[in-house]
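Lettered A, B, C, D, E and F in written order, each chain numbered from 1.
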Amino acid sequence: MRPSGRAPNALRPIRLEAGFAKHAEGSCLACFGDTHVLCTATVEDRVPPFLRDRGQGWVTAEYGMLPRSTHTRTAREAARGKQSGRTQEIQRLIGRSLRSITDLAALGERQVRIDCDVLLADGGTRTVAITGAYVALHAALSGLVANGTISTLPLQESIAAVSCGIVEGEPVCDLDYEEDSNAEADGNFILTGGGQIVEIQCTAEKSPFSRAQFSTLYELAAKGIAELSTWQRQALQLTPKTA
Amino acid sequence: MRPSGRAPNALRPIRLEAGFAKHAEGSCLACFGDTHVLCTATVEDRVPPFLRDRGQGWVTAEYGMLPRSTHTRTAREAARGKQSGRTQEIQRLIGRSLRSITDLAALGERQVRIDCDVLLADGGTRTVAITGAYVALHAALSGLVANGTISTLPLQESIAAVSCGIVEGEPVCDLDYEEDSNAEADGNFILTGGGQIVEIQCTAEKSPFSRAQFSTLYELAAKGIAELSTWQRQALQLTPKTA
Amino acid sequence: MRPSGRAPNALRPIRLEAGFAKHAEGSCLACFGDTHVLCTATVEDRVPPFLRDRGQGWVTAEYGMLPRSTHTRTAREAARGKQSGRTQEIQRLIGRSLRSITDLAALGERQVRIDCDVLLADGGTRTVAITGAYVALHAALSGLVANGTISTLPLQESIAAVSCGIVEGEPVCDLDYEEDSNAEADGNFILTGGGQIVEIQCTAEKSPFSRAQFSTLYELAAKGIAELSTWQRQALQLTPKTA
Amino acid sequence: MRPSGRAPNALRPIRLEAGFAKHAEGSCLACFGDTHVLCTATVEDRVPPFLRDRGQGWVTAEYGMLPRSTHTRTAREAARGKQSGRTQEIQRLIGRSLRSITDLAALGERQVRIDCDVLLADGGTRTVAITGAYVALHAALSGLVANGTISTLPLQESIAAVSCGIVEGEPVCDLDYEEDSNAEADGNFILTGGGQIVEIQCTAEKSPFSRAQFSTLYELAAKGIAELSTWQRQALQLTPKTA
Amino acid sequence: MRPSGRAPNALRPIRLEAGFAKHAEGSCLACFGDTHVLCTATVEDRVPPFLRDRGQGWVTAEYGMLPRSTHTRTAREAARGKQSGRTQEIQRLIGRSLRSITDLAALGERQVRIDCDVLLADGGTRTVAITGAYVALHAALSGLVANGTISTLPLQESIAAVSCGIVEGEPVCDLDYEEDSNAEADGNFILTGGGQIVEIQCTAEKSPFSRAQFSTLYELAAKGIAELSTWQRQALQLTPKTA
Amino acid sequence: MRPSGRAPNALRPIRLEAGFAKHAEGSCLACFGDTHVLCTATVEDRVPPFLRDRGQGWVTAEYGMLPRSTHTRTAREAARGKQSGRTQEIQRLIGRSLRSITDLAALGERQVRIDCDVLLADGGTRTVAITGAYVALHAALSGLVANGTISTLPLQESIAAVSCGIVEGEPVCDLDYEEDSNAEADGNFILTGGGQIVEIQCTAEKSPFSRAQFSTLYELAAKGIAELSTWQRQALQLTPKTA
């Protein structure tokens, strides 16, 4: 029995609220249970230096946690003067994943900056961030189509993400903090709406695990991401920018 | 006529939601119109090194803005590797103001850390932060009383803050971003619920102004802060910790 | 009785020595008693990036303390790798104050950098710095007029600054370190030679204070600043650049 | 046909030279073709602060590249003043992988620091680093057993790593730089000598890929790591410390 | 003919004013012509961590330049966030030189911190700093003897420093900025009052030079330092602490 | 008797292996006994900003140590976030020395970056670095001549370096770590192949020393550098680039 009473393959209650941030070109408040991440997309009319005059665009991401999003306070990275290795790893993952389904040539010489800020944390923040960031990116790019800046939406696929892991010997989907802290193995799966692989990161937390266990985790992830893709489509239909 | 249609002495719509942050010992989502600041209070059982073995406590504050709380994106301070001078000025102000009404000896050898994070910005973020931070601090300290850690609430007064300024020759209260950008003079007033002065910072933005003008701003501030004090009392009665 | 034997409204012995720094376009060694600040003005032929091609100039300031200007040694900020929040607050205040009385359009596309370095500290360093910085700025700008770079002096007013506070219940002017350490309330007043307000920062150090007390501090400040303005006029007549 | 003429499942020429670094408690110069990584293990008699008095040890890793290990010069991280996100990601991966097969309780309250420095880079540096780091760690821990500090070798398994990817539609093993730059998908597999999973990181570089393709990569990795495990055993028999 | 009209072996006008800094345990304003350096010595009752419980003391130094001590403004190191390589080289040299003539065991477990801040720069700042720092150190240590903290002055020798160089083919002593900028070779000599070598740094600025030229520079330095030693003795007799 | 059994004027076994680094335009693995430094030269087609449009080139250097090149582990500077004062001093010395024998005008508007990385440390790393860096620089510049970029080799002289010091009263050449740790005085001599002085840094480690002792050290250095120059010529003849 999971601490939350969920079935092994059940996601937490999902909420994806597009258009949450008043000023951003695209945004989504993404919640999987008690993990809440505010994702915004900012469109800029220039690309980073290494892409100048290359006729293509870029998508990048930054990630942060409010100090008291966590059970005990986490030190503010701005005050410490640098981002942790974990933060950098997560924001690189978010950016890389979004770029893999964006047609950067069709985007043209502009950059979309994604900001994912964790307001409340209860495990799985990077998967919630990716799932919400896709919605924010879609909304921002739809806005560029709507105002005639570009002619077609430069997205080849949707993506969503979920964590799966082995907790007390049992493979389960969408781990909360309590499960995550005790998992024997833990994986983050980022798949397209069509079920293709964008990125898999799977780690033995306590001891190595078998390929068969990995396959079970993969099945759980595929099912969860199919559901999240449905939530994403619903969230984007609620915002007039994507009509 | 103000852009918002408000009377010169009218505050924006006020919302103070105590207990907003699930994990914090005290918290308040404070909103003056479209300026939204999440304030949390964290209680720690030790004081900073310079106070060790002095038999008293400490209250300190940190401040931040989500990158896309603003009309155009503000660079993330954690990524830039340091807090701006403006950020440091604001967080020093918040901490100093709260300490001025806290009985640090009665608090005992513990520290309360206040985090004020701007989710949405439309002018006056530091005054919203102080007004909400007081609620978060009160809630956290009430919790210490409730669980028997300390015997009486170590707060001598309430405090709240508001900005007043001269916009197109007219003294007005609680400036929004549009007014703030065009103000000839601008002041932040931090007063106690009883109308005493905690801190005044008043600056000529375009050209020096007279003492008579200053007095008018003071009157507006005193009225606004009296109203904010009422909102604070209401917010704190809504949370069972303060019963 | 004040520790120094001064009357409540008496300044410390004032010395403003224009032209002290051999290489600078303008300079002033400003001393209020045992607080000595070396202020220099450097004229640069370009403006910061955010003002490029806007047809106006800029005035900015930096502040520092020699490590052993203080009773006990203060750690060198260059060695610690960053400026403290206090330093940033003070240098922002100096720059903002000087800009408020400078005609930035008449200055043209050039920047004046003010450096205020505390050689000896005995309270009130920021007010001494502002009072001396005005002299340095005036001298540098007069030089630009003298050599024909600009046609008229781009200064609308003079400014000076003094601290006033309540010490053992008594309102006094121009606090030295011993008084400053024990003040119940403490304010920095920056006024023009004509008595208009440029900036007021007034803080309750121990407990909130009344509006009547604030008014008394204001009176003391106005009198002190009138005297400082006279000293400034004398200092500037001593340097041939301002003839 | 691969640029190197290798069969799809063929590793590059492997060289693992244990004991290469004269001063280190354990070391290995690990070479896969033209990727050369010097791995050293340093044993320290104390653990990091978060583990103090917990009765267990720790293994951690740092990673760096000599500036001219690469085709064009890479800026020196020490001169830039910080480690890149990529560097942090790699060193976290190395440390995490080694900890997963180390019995930290049996290690006792000591820390092993692994340093992996790339002398020459031609793709796959992180997999070469992990493969060599295991040898260095084993040698250092064997030394602790040999001198009686601990009674049994606190290692539960061996680990090795290899990259596999899809290049021009073809799944291949142990990519060199030219292949890596053009891969459609790219994965790093870290498995135990017994074939269990320690960590898998698999990323779509150009476009999402299928689960069937992932399975092919996994097969290649399993075969390659079996071979690398043999090389590791040979390297450790060559050094008297492991006798 | 030298730009200043000095003879090749003539020092600039020397002024060593002991006791210049009101708060410091020892101090000296040292001037060689238009190079003015304020040197202070601070005595602390503890040693740096690497010397704890070793029964000896330490002498260390920091160096800085006021931004407008130079002809054109030098960026403030505290604002840039780090000390330059040149600054670190100079302060390491000052500390090393002073330690070479201090009996660190006789000093006991305390540290003397020397601060050398350049108020006005016209070449040779490091040699002025060392010459003044010795006076400040002597004064501070004499104070410790005077108040009974230690029984005898823990100084084995005096030291002073001067630069010598080859300018337009001519060996000269105590170069000013104009000479220094054009020197073919340039050396800093730090000798004891008795003429022994503490440190020599001699560099070809434009092209290598001969051993015979080096010998000439050495002769000039020995003569100059003998004179500086006399000035130091006079300065220390003027301050009552050394009586 | 020296710990190594060497005669007072004997160098350690010397090895200079040109072309060691596969990717660099010039390189040399330089070994004096157990001090091994990998030196590479990178040619860039642009100069640093301060030299733009001046019609000349530049040579600069960076220095680092692998963490476990030393007997006990040295903290990684990239992880600490800054280069130590010692590192900066050494890399400034290497760059300055190489520039003194390079015809920067003949080099044209390009920069050569030298990287010296210590793989194994046993005293004298800076002298080994300079000796090897000259070989790497020569190889890189010869390559520019060979491919027709410049017409003649822009080097006026060769340089090499050695340390000499007084150990237990005995002047000796090319100190290893054990000798260096106990030296009474220690000097680094950088001379041209023709015996002219490029730089001398000579320091009293324990107590001041005499000019006669200095002269003895100079003789030892001159002899050692003559031998090193022969090794350099041999190393460069082994690499076809210099034919």
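In this text, a residue touches a chain if its C-beta (ideal position, glycine included) is under 8 Å from a C-beta of that chain, and two chains touch if they have at least 3 such contacts.
Since the structure is predicted, the reported quantities are computational estimates derived from the model, not experimental observations.
> Chains in contact with subunit B and with subunit D: which ones?
Chains that touch both subunit B and subunit D, as defined above, are A.
> Using C-alpha centres only, name the chain that sits farthest from subunit D.
In terms of C-alpha centroids, the chain at the greatest distance from subunit D is C.
> For the two copies subunit B and subunit A, is the contact made of the same residues on each side, with over half of the numbers shared, or of different residues?
Looking at both copies, the contact residues mostly coincide.
> Pick the pair from A-B, B-C or C-E whose contact list overlaps the A-D contact list by over half.
Among A-B, B-C or C-E, the interface that shares over half of its contact pairs with A-D is B-C.
> When the C-alpha atoms of subunit C and subunit F are each averaged to a single point, how far apart are the two points in Å?
About 51 Å separates the centre of subunit C from that of subunit F.
> Need the CA-centroid distance for the pair subunit E / subunit F, whole Å please.
Measuring from centre to centre gives 29 Å for this pair.
> If you average the CA atoms of subunit B and of subunit F, how many Å lie between those two points?
59
> Enumerate the residues of subunit D that touch no fewer than two other chains.
Residues 81-82.
> Just say which it is for the chain contacts: an open line, a closed ring, a star, complete, or other.
ring
> Going round the ring from subunit C toward subunit E, what is the chain order?
From subunit C, continuing first to subunit E, the chains appear as C, E, F, D, A, B.
> Show which residues of subunit D lie in contact with subunit F when the two form their complex.
So the residues of subunit D touching subunit F come out as 21-24, 27, 34, 38, 40, 42, 44, 62, 64, 66-73, 76-79, 81-83, 87, 113, 115, 117, 119-120.
> Touching residues of subunit D toward subunit A in the complex: what are they?
82, 85-86, 88-89, 91-92, 96, 100-101, 156-157, 185, 187, 191-192, 194-211, 213-214, 218
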